[in-house]
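Following are the structures in question.
Same chain, two partners: subunit A is paired with subunit B first, then with subunit C.
Moving on to the complex of A and B:
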């Protein structure tokens, strides 16, 4: 039976290396055949916002295509694709109160709305829980 | 005997509480608990053997295992020759193995 990791994240996109490391952990866990629960709250609910757009970089003089700006919504979409490919479950909950506060409810396919009871249930049921706090 | 995985993401030269985190890890190991410290992001800067005033000394002398994320080392241009020999390079997969190895493992991130 596949093991299950729960990870809680709270940093908004493009601000902290915590987001990159968290994505690496989720990606590696899926590749190892684990089910992964992600509880995104506070700024992390914006990681999956569909309206994110790539941009050129006037400082570098690069176009949108040349800049290839990575968008967190695409990284998360890739994690859902990977989970499907590996036959494991990625359950991503965006904290509803945090979403409403930020008006950040237009998401890519995959995440669902939830709240602290989901995190509590996951902590009880998972093999391990990792909480990645913000500074 | 409890099992702890302690992830340090901060540079000890940036934040004073990093040294407390190291000391907690060393004390837990001294009490017979199984402790792994995983340095990641700017936490990897502490793996440099020539870093002056590095508060990691007691931790490195303890029974705790100290690992450093290879990706974070590469990002910061820290080569093998610069790394303290007691700090072993590892990857995220190794971190996950430590976290998932035993149910009930306590995982702390700072």
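Moving on to the complex of A and C:
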């Protein structure tokens, strides 16, 4: 039976190595055949916002196409795709209160709205829980 | 024209997602906008001066990071553009980073030199 990892993240996109590291941990867990629950709250609810757009980089002198800016919504979409391919479950909850206060409710397919009770339920059910604090 | 020194202390904040360090990026952008800028790396950010760092090869889900940030290369471009880059020597040494592993083009400064350095600028921005 597949093991389950729960991970709680709270950093917003594009501002911290925590987000990248968290997504790499999720990626690795999925590749190892684990089910993964993600509880995104505070700024992390913006990781999956559908309206994110790539941009050119005037300092690099690159166009949108050349820059190939990795948007976090695409990284998360790729994690859902990978989970499907590997036959494991990725359950991603965006904290509803955090979403509302930020007006960040237009997401890609995959995440669902929830709250701390979801996190608590997952903690009870999971083999391990990892919290990634912000600084 | 204001002369501004940007002190960078917290490195690798979203650099994989952004393809660069946001503080270095805005410093370079301000230079292009006409500012007279300087950079001082201190604390953990001294690692930006290590020449052999290589962040390539990261794949998240189905998405490879094709153009990861190479801060040492960005800093060299900044220096070529007229932004002097300095590194706090003591912060390098206390982290056990060999001095010979740093990009040689950057100036090493000691903590004792910082007050004099700051006096060369109109404003000092500690990011």
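Rule of thumb we're sticking to: the second predicted complex is superposed on the first by the 135 of 135 C-alpha atoms of A that agree within 3 Å, B and C clash if a C-alpha of one lies under 4 Å from a C-alpha of the other, contacts with A are read in each partner's own complex, and residues count from 1 in each chain.
Please note the rule applied: a contact is a pair of C-beta atoms (placed from the backbone, for glycine too) under 8 Å apart; a residue touches a chain by one contact, two chains touch by 3 or more.
All values derive from a computational prediction rather than experimental measurement.
**Student:** Identify the partner contact of A:127: answer first if only subunit B is touched, second if only subunit C is, both if each is, neither if none is.
**Tutor:** A:127 contacts subunit B only, not subunit C.
**Student:** Touch check for A:3: first (subunit B), second (subunit C), both, or neither?
**Tutor:** In the superposition, A:3 contacts subunit B only.
**Student:** Considering only touches as defined above, state whether A:32 meets subunit B (first), subunit C (second), both or neither.
**Tutor:** first
**Student:** Which partner reaches more residues of subunit A, subunit B or subunit C?
**Tutor:** C
**Student:** Touch test for A:17: subunit B only (first), subunit C only (second), both, or neither?
**Tutor:** Both partners.
**Student:** Looking at A:60 after the superposition, I want to know if it touches subunit B, subunit C, both of them or none. Which is it: first, second, both, neither?
**Tutor:** second
**Student:** Considering each complex separately, which residues of subunit A are in contact with subunit B in the first and with subunit C in the second?
**Tutor:** On subunit A, the overlap between the subunit B and subunit C contacts is residues 17, 24.
**Student:** Can you name the residues of subunit A that touch subunit B in the complex?
**Tutor:** Within the complex, subunit A contacts subunit B at residues 3, 5, 17-18, 21, 24-25, 28-29, 32, 34, 127-133, 135.
**Student:** Could you please specify the touching residues of subunit C with respect to subunit A in the complex?
**Tutor:** Touching subunit A: residues 12-20, 22, 25, 28-29, 32, 58-63, 65-67 of subunit C.
**Student:** Please name which positions on subunit B make contact with subunit A in the complex.
**Tutor:** So the residues of subunit B in touch with subunit A come to 7, 9-10, 40-42, 69, 71, 91-93, 95-96, 99-100, 103, 105, 107, 109-110.
**Student:** Quick check on the complex: what are the subunit A residues that touch subunit C?
**Tutor:** So the residues of subunit A in touch with subunit C come to 13-17, 19-20, 23-24, 27, 30, 57-60, 67-72, 74-82.
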